[in-house]
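Next come two complexes, and both contain chain A; in the first it sits with chain B, in the second with chain C.
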Partner chain A sequence: MDTVITKRERRQRLTDDLLRPLFHTTPVFFLVAGALLIPVLWFLYVWYIQLTQGLGVTGLRTPSGAAWGIYIANFVFYVGIAHGGIAVAAAIRLLKLKGYEPIGRIGEVLTVVSLSMAGLSISLDMGRPDRLFNIIAFWPQRIGSSSLSWDVTVIMLYFSLSALYLWLTMRHDLAECAAQFPRRAWLYRPLLLGYRPDEKAKIDRMAWWLSIAIVFLIVMLSGGVVPWIFGLLPSRPGWFGALAGPYFLTAAISSAMAGVLVVSAMVRGVFHWEAHIKPQIFRGLGIFLGIMTMFYLYLILAEQLTMRYAAPISEFLVSEMLLTGEFAPLFWSMLIGGFFLPALFLILQAFHPRWFGVTRTTIAAMVILLAFWIKRFLIVVPSLLRPLLPFPEGTYQVTWVEWSVTAGVLALAILMFIAFVKLFPMVEVSEE
Partner chain B sequence: MTGSLFELAEIMPVVNASTAPASQTVPIGFIVLAVILTPVVTLLLISMFGNPRTFRVPALFLGGFVLLVGALVLGFAALSLVLKFFVPQ
Partner chain C sequence: MSPIRRRDFVRYMGGMVGLAFLGKLGSSLLISRDRVEAGQSGDLLPPSSPKADGFSTTADPAIKYGMVIDVGACIGCRRCMWACQKENNTPSTISPLWIEVFELKSGTSVTGHPSIEDLKQGATTSYTQSPTEGRWYLPAQCFHCENPPCVKVCPTGATYKDADGLVLMDYTRCIGCRLCVVACPYSARRFNWWRGEVPAEETNPLVPVRQIGVVEKCTFCVHRVRRGLLPRCVEVCPVRARHFGNLNDPESQVSKVLQENLSFRLMEELNTGPSIRYITRGKKWIQS
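== the complex of A and B ==
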């Protein structure tokens, strides 16, 4: 009879297991946090140099050269990741994908963190970031015609809705945390303002409708206002085109799926949550990621074909830069090694289940994620080096300042994520 | 061949970047925002009403939304202010 575990005991064990990261901190955590703090502090120092000496310390140049470089590539990359994270959570709720529920919150947190880094990346790219508030101050005058103003508006809305979605769906677990860890009540109580145990039904209904609103915003942001920053500019070859929306949206969803997959695998491995985050989740996400990446390859083909036929000559020249010119090694490595082979491997797993493995799928997702960052770089830079205006062709050399900033921002994102893991439940306790 | 094409491109007529926006007879930004915001606001309203009929959670949600947007705007202002000390004026 001793071996019979009651439902209550089982639930208590599950709760203890899922809340373990909150009350059990190993020295490895402090080591990792300390290691991440170093690039973050270095980034702050380098940003100080950039602020006081100007963007001249970077490789960004105008009118001849690239006025946008890896900061904008980072911005598009983080915005993309921000979409899939919450898209996964929204899809789980809308389509009632019970098996995927353990990674829902991971996606939601990834969204909030990535969107913060996207905003930071824009500030880093500005020559006069002290004029940042002008975006708000002159909003009424600019909103009629400026795609940048649309972008800021929709990103702020998206950030607010995503953060509130995370907060709403977390309240029940926060009540559990407040009960279990009275010492941290100062953190949980303000977030539990007006909490009642019977509010879950209302929250579930609100979260369901909010999921639709968020999915719609994802389409309008990653397939709308962000690509329109590029697609509505006729002065840059390679950017002006109606395909920009679907092109960016596919990249956003694919890279975000890859991001969620990689982060989920890390969380699963670090906290030994193999029983909660099951391999089927990785298999399903992996196959979907493979299909989306293949579709993205089709869009690249469609874009390159258009650029090389009837398009203006400047478009052809940008295509030449990518296919046979100075960016060709990067482009072809990305295309074959970064997209095609990992995507093919992920799709083949659907037909050969024995080929599947969580580690293999995670590595393929990491490669695809890296390839999507390279793609964002190749969207931004070559077009800027080939001006339509009568300026000589420029060059772009990423400086140590930009690499330091990029590393620091990534470290900051990871630091924010692990801080969240230590303070809040990462897997929905109530759903387990 | 590419080299000569590059030279050719230098003398190609420059696309007038201002042509498209100038030809807009309506402030297209408002249409864009309406297309984006109308469904979102409608969905938010639907999420708040309906069973179970309690307005406590929707009120908290709306309060949180206002607070968050306010915090973002203030954050923009604060960051701009702080950066003024570093950027040479």
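== the complex of A and C ==
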């Protein structure tokens, strides 16, 4: 009898603790939200300029110059991150990794948010975003051959499945929220459509099958349709090749892990959830991230060797731009400072547990995350600066418009995330 | 927390279906509005005229258009570039123009496939005098490939291969994603980074003025060749370095020129099958 009471009490404390962000909002939150709103509004204004004056306000040009730039780099970056959460969540469910459960939903939300940002980035890059629906309208004719149609298909499928997954696994907690916080029932009730308290077993079964589907889609999206946009084009040295798939997939999983790690650490720090999100989670994620990043370095080596050893001159020239040319400072600092050293630290802490610290691991993950953005930039841009015909060599100068848009999209992502934190339970309450 | 009843559920789903319907309606409105916009761009255009010549002329499948450029004869005068610009309402914001003429040093090979290093050795597009002793000139534009990579990647079918071999654009369908721009190995495609303006009195009514944010490129003057005229660049060439015609007809001028001369195509190994072939009949590029 005693144990039952303590168990219930403990559960109550846990619930209170985890739902606290929903009930108590400090002025700091509004300050942060307000600060994020500024770049978002600025971004909307700048987008208006870009729409009315044309994409000429960016640094993009063709054929001398880059026809794609940091908008596409952002797109690939956000698609990569989008694998994080849902991959973690699916892995937790399929492999029954109980210890990682508290960060499952953080990851799922990260997926939904960053996938939205990926879609937005594509719209930002389009000359005619008002005709976006043409992709859907002419989908039946084009799905057979257009790599962009494949992309849109898989991204929409992936978004639907991850949003569905998030919704299904959250319902139990939403019922708890609706009961504890009647004033917000208008928000929770539509999401609790058809809810029955005994639905958990069925939801678990559905989520299990969804996880299987999502794991397959991860390979198809980041190891498939996104790299195939690049890897299938022999017109662009540096892009063309079968390595593109595994290359992008490794980058996606690594950057996604880094993203989940960083966001989890921030959520943990802000809400003082040290007791719920345990340090072991960060250690485990960190070691995995370190190994994946090292593997990515091996892929860079394989790629660069192929581009130099006995390669066609066009491949060699792109490699030269990276290793010794105009992108060399960026490339080498990314390679050593952005990938190698943080990954080395993350792996070493597997052997020396005393070197481990949540903060250090988070910083290493942040550096790796930034390096993965730079890598996406270095994938997209240099190959475009060397047309195969002897057009004058162009350059790509990122303009203030593009930086404003990039900052605004990031701020929007964070804003969506913290709004979610305030409206929905971020860590599954239903433990045990 | 009471469970939601079936009636509510049905109502909810009904709302969803309604929303989806509205979305479809909205998208079709967007698309049809674009069509009207295109109709206004040239006065003569009928309202539903999405095609590159503005008239939706139909292709004759018995014809296969092709061009032969004699790089031995070409003197690099660029008359084709400027005439093309005028003919096709190309705004000054499009740079380079649809046709680009490269000046190359002699000694660089032209047989088969000029490698990038060969071409880069002294290649320039910004020469101010021509012809220059020891130089040769390579005009390039859309090659109207038999197996065009741009058509393959287009997510909307805005760029398409017509039955007579022309690779054309439907400017009202293009979403401006520029996947075709990066997929073209010849960098033949241009993008409207700015709102291009052509003065009304200089506008060719046979060619639609392109909107902002869409891709455009050489059409082999579809509005002329389907009426039996030569492309403008062929017409204006002062040294008759350009030949154009039906490759399916052995009596046509291009077919005869190809029978008499060895020819090569650019980047044959990419399997694009360009419809522009080069010959070196003039051979002036050989001496240095």
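Keep this in mind: the second predicted complex is superposed on the first by the 425 of 432 C-alpha atoms of A that agree within 3 Å, B and C clash if a C-alpha of one lies under 4 Å from a C-alpha of the other, contacts with A are read in each partner's own complex, and residues count from 1 in each chain.
The rule is short, and it goes like this: a contact is a pair of C-beta atoms (placed from the backbone, for glycine too) under 8 Å apart; a residue touches a chain by one contact, two chains touch by 3 or more.
Remember, it's a predicted structure, so these values are computed and weren't measured experimentally.
Legend: residue contacts after superposition of the two complexes on their common chain; A:T25 is shown touching neither chain B nor chain C. In the superposition on chain A, contact of A:I135 is made with both chain B and chain C. After overlaying the two complexes on the shared chain, residue contacts for A:E320 are found with chain B alone; chain C is out of touch.
Look at A:Q12: by the touch rule set out above, it reaches neither chain B nor chain C. Once chain A of one complex is fitted onto chain A of the other, the partner contacts of A:Q280 are absent, as it touches neither chain B nor chain C.
Residue contacts after overlaying the shared chain place A:P190 against chain C, while chain B stays out of touching range. When the shared chain is aligned, chain C comes close enough to touch A:A178, but chain B does not. By the touch criterion defined above, A:G224 reaches chain B but does not reach chain C.
After overlaying the two complexes on the shared chain, residue contacts for A:T359 are found with neither chain B nor chain C.
In the superposition on chain A, the residues of chain A contacting both chain B and chain C are 54, 128-136, 142, 145-147, 149, 193-194, 196, 233-235, 312-314, 317, 386, 388-390.
Only residues 53-56, 60-64, 67-68, 122, 125-138, 141-142, 145-149, 152, 175, 178-179, 189-190, 192-196, 229, 233-236, 312-314, 317, 384, 386-392 of chain A touch chain C when the two sit together in their complex. On the side of chain C, the complex with chain A involves touching residues 1, 3-4, 8-9, 12, 26-28, 30-31, 34, 93, 96, 100, 102, 104, 115-117, 119-120, 123-126, 140, 149, 152-158, 173-179, 181-187, 189-195, 211-215, 266-267, 270. Taken in their complex, chain A has these residues touching chain B: 48, 51-52, 54, 123, 128-136, 142-147, 149-150, 153-154, 156-157, 159-161, 163-164, 167-168, 193-194, 196, 199, 201-203, 205-210, 212-213, 216-217, 220, 224-225, 232-235, 312-314, 316-317, 320, 324-325, 386, 388-390, 393.
For chain B in complex with chain A, the residues that touch the partner chain are 2, 5-6, 8-12, 14-15, 17, 19-21, 24, 27-30, 32-33, 35-37, 39-40, 43-44, 46-48, 50-52, 54, 56-58, 60-61, 64-65, 68-69, 72-73, 76-77, 79-81, 83-84, 86-89.
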